[in-house]
Amino acid sequence: MFSAELLIAQNIGFFIIAAVMVVGALRVVTTSNVVHAALWLVVVLAGAAAQYILLAAEFVAVTQVLVYIGAVMVLFLFGTMLTRARIGAESDLNNKNWFVGLGVALALLVAMLIALRDGFGAEKLPADDPLVSTQTLSDQIFGPYLLPFWALSFVLLAAVIGAIVLARRD
Amino acid sequence: MLLNEFLFLGAILFCIGVYGVIVRKNAVLVLMSIELILNSVNINLLAFSLRNGSADGQTFALYVIAVAAAEVGIGLALVLLVYRNSRSISLDDLSEMKG
Amino acid sequence: MFSATESAETVLRSGWFLENAWLIPLMPVIAFVLIIGFGKKMPMKGSEFGIASLVASLVVSVGAAYQWIQRVDGAEPESFVAPVIKTWTWWESAGFSFGIGQHIDGLSLTLLVVVTLISTLVEIYSVEYLRGDIRYTHFFGALTLFSAGMLNMVLAENMIQLILGWEIMGMCSFLLIGHWWEDGANSRAALKAFFTTRTGDIGLLVGTSVLFFAANAWTQKTLGISGFTVRGLSAWALSGDPGQAAITVGAVALFIACIGKSGQFPLHTWLPDAMAGPTPVSSLLHSSTMVVAGVYLVARLFPVFFTGMNILGTNLNLIVLIGGITIVVAAALAFVQADIKKVLAYSTVSQLGYMMMGLGAGAWMPAVFHIFTHAFFKACLFLCAGSVSHSASHHSFDMKKDMGGLRKFMPITFGAWIISTLALCGVFPFSGFFSKDEIIDNVGHNGYNLFMVLGLTGAFLTAAYMTRATYLTFNGKPRGAAAGAHAHDAHDAHDAHDAHASRGPHESRLLITIPLMILATLALGAGFLNPVPLGEKWERMTRWVEPRAEVISPTGISAVASGPGQGRVFIESRTQESKSESPCGTSTPTGGICVAPKLQHAPFKWSKALMSMLIVFFGGFASWVLCVQLYGKKNPKLVGLTKRNKALGTGYMFLQNKYYLDVLYEKIIVHGIAHPIAQAAYWFNQNIIDGVVNGFGLLARKISGWVYRNVDQRVVDGTVNGSAAAAQGAGAVIRPIQSGKVNQYGALLFGAAAIGALILVIINT
Amino acid sequence: MDLSDNNWVLSVGTFLPLLGVLVMLFVPKAQETTTKSVALLTSVATLGVGIYTLTQFNFDQAGKMQFVAETNWISVLKSTYFVGVDGISLPLYLLSMVITLLVMIYSWNHVPAPGNTKAFFALMLILQTGMAGTFIARDLILFFVFFELVLLPMYFMIGVWGGEHRQYASLKFFLYTMFGSALMLVAFLALFFKTGAESFSIPFLIEQGAGISRSAQIWIFGGMFVGFAVKVPMFPFHTWLPDAHTQAPTQGSVILAAVLLKLGTYGFVRIAIPILPVAAEEWAPWIGLLAVVGIIYGALGCLAQTDMKRLIAFSSVAHMGFVMLGISTLTPFGVNAAVFGMVAHGLITGMLFFVAGSVKERYHTLEISRLSGMLKQMPRMGWIMGFCVMASLGLPGLAGFWGEFPAILSAYQPAAGLSEVTFRIYMVIAAIGTVLAAAYLLWLFQRTAFGEPAAEFSGDNNEGHGKGKGIHDVNIFEWMAWTPLLAAILVLGIFPNLLFKIIDPAVAGVLSAFGG
């Protein structure tokens, strides 16, 4: 049902978004302003959501938008405010051993890239995407993965309580 | 589309996140970097779910997102607390575990 | 060929004592356990255990010796007499089996008798000498175990067992020499003794390993016994199988151990210090045990050294060289000693030199015989010295300060001393003459003329310094403590015996004098066991002890002698195989094996004997005159001559400082290792390695800054060895890694992950 | 699995301590005596099971794995719960049990500051499980789990009950070992995949291992080498040891020296060498080199020490050097010596650390320069120390010698394919090492035990016989804890065959790849 153009379009779309994400991510870890970092993170997350759609995972994409860009980012911004980070640029957000980070990150990257290349060479994704409907997803969650779901809910509950307890001012 | 396109993207994001975790001093920023890592993982999960045509990947992606939310909540609460006690969230000043 | 043997088949006698000689070391060990266990509760504080066990051992060894003589006399003349061997498997590892057992032949029996006898006497003597000592029981425990170690080494059936005895002896000597360890000097002397001998033991370990691996194949094939066994090694050494390199290395390595143990030059410096121990210990150590161990090892494994050092092949080899040097060097040192025990110590060293030289020159029998005689008169001399210090000079051993004129106070001690001195100097007919003179004689006869000269020089010096010692101790007027003045610089003052302070010099109690008398008698008479001058048939020791160089069938020694009736088998009939041309040692034996090289004996000539006699008398006389002038008349020309005359002065200093060898060892080598090198290594450890290890942390800082601060730290509190300081220094280095900072933990975690991943990738591609 | 062939004993013996911990959890913290007795009973019971194992062990079959139990565990990882003992495992397995029990007895009235008896004893029990498990595991993942399980309790033991620099020491220890085991795990995984990702069970891997390409073997061995060498510890991975030992509480040091160090060497013998024979042959000369360097180096380190405990710690480096030298020869003779050496070193050094601990407790210092005349103030303690020193410097007739001398001996003739010259040089160096050992140990003994007691401790000193105040001789708990060790040292010294007999066949099996 998909035509070749669409595939090409997908590819182009992917690369554009990917580029945006990478840039955004880099800014997140390099910018010298906490708020900017948060905003750049929004960009990355949005990009991620877009990629999810490309990966035919609408529901996840939606959740991503809701949870992350909706809730988490707000949390972040609040956190930033509450810890009275200056809105302007800050001098020392990075500690001195940036080159360690660089080294490690690059080493890791190289390792992964090689592994992936050898692993999945030029493997294509199924073009006629077997769209995983939200229904199947829910069947999954409330079917075989019910136990994890419960566990997760407990985790969330605990998180909520914990957050309150911790952040409560007394 | 190639599977690897997504996987590479995930890898790159992951490494950037790692870099952030190692380099950043500000607790909030470290948390953000962790978010990056989590997202890269998600991308992988979804990519594979598409490849294998199974919903497991997506399910897990959802779980990851949920856990991430919880983690951010707790994390920021901690940051707040720490900030209250020592008017700073620069990790360099937080070395209670110092030996 | 066995058909020919049936005729000549004779059955060697054996007997209970020979079969059960392994009891000899065992009994003292049991006694040791008893002493440690409940010695303190016993009426005699445990000494009775020690003495009883040693007496028992003495009885067994004498019995065994008697039965051995029966065995030898029962055997064909000039035919090899198989040793009485018993082995039990001690432990096995990877197909190698290690036995423990007994190897009883003339040589080991000689030592067994001597050691048990002297140990017994010394312990009896100690009962009186150490009465009331703070660690009386410990002393007897250690002394007994010490004898046990020596005995075990003597009858060791294989090298491992020999090492066992050897090391136990070393440890006990550590305890005995350091007996009065409250005084730092004593414990240091103990440490020195142990450490020096232990240094030599490198050779023992290496040599044993080398020989084992070189010989094991052959011995297993030919004799079916392991390459550790004494007899196996002996046979192998003469079999023509060993490659020259292996056996030479092995022999040299072993000989290094002997140098250490037998206080040969240049490792002799521990011996005089060992005088820090109680006198009975010195007496035991220096007469028949510890220091003889090295000589015994050479005699025991003589074939190995014979081949390895090419004895008789050339007119110079390591053993004879070391021996010769030691004789003169040590004798010279004996002159400048004021401490009577040190004089004796150096004389021991020089006598050991004789033995080594003898062995090295192929004079096996005289050397062994010298071990035998020397044990008696040297033990006697030490005990005399002890008796003097005990009863006359308040535990001082300083001849110049605290002795003199004791002849009339202690006649028995004096008599014993004189007899043993004469024996030591080798005056006819005292025992020393028959052994020492034989050594010199044979050394010359075997073509080592230079060393014969050295030997004679040694004889001259010996006579001289013994005369000096005798003069200072027993002649002239009582001085210092002997005269009643209380010695404050008491050499090894211990709690007991200040009762004597009141009564001046006097003869010691019976418990002391009886051993003296016994030993003196032996010093006088022992020589007649092998009086070469009286001709062939008198040479009993030679007949009993010297292994006969005969080609025998492997079964002759490999089979364990179990019960009486151990047969021997000739290879060729006696007609062709006459004594004179036994191939052993000279060429590869055909159709059989040898366990002893063929050695010939120098024909005795009165002329030579007289010459050496004259030398001795001259030495004694010259020294006497000198002493009278120097110490007696205080002749101004001589007194303080060393101060005036430059050459003499330097020589004197040189001797006083023991050729500066101690300086070399202690100040330079030991100190060097213990301090600069060790410190350097430790610094390396704390800074370099830790530094590298903490690389993660280091990356986080400017390297230069780190170096600077570290150097600075070291300069500031100029110490690196204090563990605290080191931890501080290292801590400063490592802090970044364990700063408790999230970032760095992250770095570590991901770094490790990255490395892991990379390795995985590399492996899988 | 039917219980007829006793395949339950190992599991019981290993996990019983955890049961004890469980019980202890319900004992209120206040009731220290109850806590202690529960712990003690547990370890007694454990040892009981161990002894039962010993009695049931078929010594004629010492070469074969016995009491084997195998059930599915983590099917995803193809890892099974697979345990068994043979002649190599058994002595160490029992050693770990005995040591734990003795340490418990010793701790009865020696709980180091800051108290918290419950946690302390619980940790020891957990440690026991880890150690025992490591020695019986026949599955790499299982092995790894136990190997790591040992790590944490020791970390806390040092970090909580240690000396003044405890955080530093414990963290160093932790990071080091973590680093090592990370590489080790990687190596295991690589092995797993290289052999077709079928199983982690050691026998399977031994069959398959030979098939791996040479270069891959060398890489994998390298990973394992680092992992194990850190634990041994071999020069130059040893720097955690002195700090850990110096800072750890006595009990910690004893367990560390007696058992933990053996995990590394055991790993070499049990896993690295049999599975990767080719690589082992490649690495052997280097291992040997590091071993002899360690021998000399540790000795020099000792000579530089002023702290008794630190000195003993360094001596461990030297002694483990002998063990590794034995292993590196790849001959049955050498490996026998090594395994014997492990046990002997466990007994002797453990004992030395006990003594050091008690000395510290009485004098509140271990500065050698400040201690002297111990023999005067507490003769028994002094002589015990002398005994251990003699054993440690390898006096024949005591256990130490049988690990040391055969190791030297074996170096004269390494396995076929190894350079004889190299190893003979190693042999000579090692022999020199024995002399240095004598030097530092006797030096230690002479300076601490001999001489007059230092004024600061001698208290009311009436003519030199007065016991110093607060300086009492060996007490009953110490006697109870020490006698077995001392006896074992002596017995093994006189009858080395007791051990060699068990080890020999097992080692022969391990080295079958070398035609041993």
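Note that the chains are named A, B, C and D in the order they appear, and that numbering of residues resets to 1 at the start of each chain.
The criterion applied here is as follows: a contact is a pair of C-beta atoms (placed from the backbone, for glycine too) under 8 Å apart; a residue touches a chain by one contact, two chains touch by 3 or more.
Since the model is a prediction, treat every value here as computed from it, not as a measurement.
Between A-C and A-B, more C-beta contact pairs join the chains of A-B. Among the chains in view, D has its Cα centre nearest the centre of the complete protein Cα set. Computed from the mean C-alpha positions, the centre of subunit A lies at a distance of 48 Å from the centre of subunit D.
Look at where the CA atoms of subunit B average out and do the same for subunit D: the two points lie 41 Å apart. For the pair subunit A and subunit C, the distance between C-alpha centroids works out to 82 Å.
Rounded to whole angstrom, the centroid-to-centroid distance between subunit A and subunit B, based on C-alpha atoms, equals 8 Å. For subunit A, residues touching at least two other chains, in rising order: 95, 97, 100-101, 104-105, 108, 112. The set of subunit D residues that touch two or more partner chains comprises 167-168, 171.
Among all residues of subunit C, those that touch two or more other chains are 738, 741, 743-744, 747, 750, 755, 760, 764. Subunit A makes touch with subunit C in their complex at residues 95-97, 99-101, 103-105, 107-108, 110-112, 114-115, 118. Contacts from subunit A toward subunit B in the complex involve residues 7, 10-11, 14-15, 18, 21-22, 25-26, 28-29, 34, 37-38, 41, 44-45, 48, 51-52, 54-57, 59-60, 63-64, 67-68, 71-72, 75-76, 78-80, 82-85, 90, 92-95, 97-98, 100-102, 104-106, 108-109, 112-113, 116-117, 120-126, 129-130, 132, 136-137, 139-141, 145, 148-149, 152, 155-156, 158-160, 162-164, 166-167, 169. Residue ranges on subunit C touching subunit D, taken from their complex, read 89-96, 160, 163-164, 167-168, 171, 174, 178, 181-182, 184, 187-188, 190-191, 194-195, 198-199, 201-202, 205-206, 208-210, 212-213, 670, 673-674, 677-679, 681-682, 685-686, 689-690, 692-693, 721-723, 727, 730-731, 734, 737-738, 748, 752, 755-756, 759-760, 762-764. Put simply, subunit B touches subunit C in their complex at residues 18, 21-25, 30, 91-92, 94-99.
Remark: subunit C residues 735, 738-744, 746-747, 750 touch subunit B in the complex.
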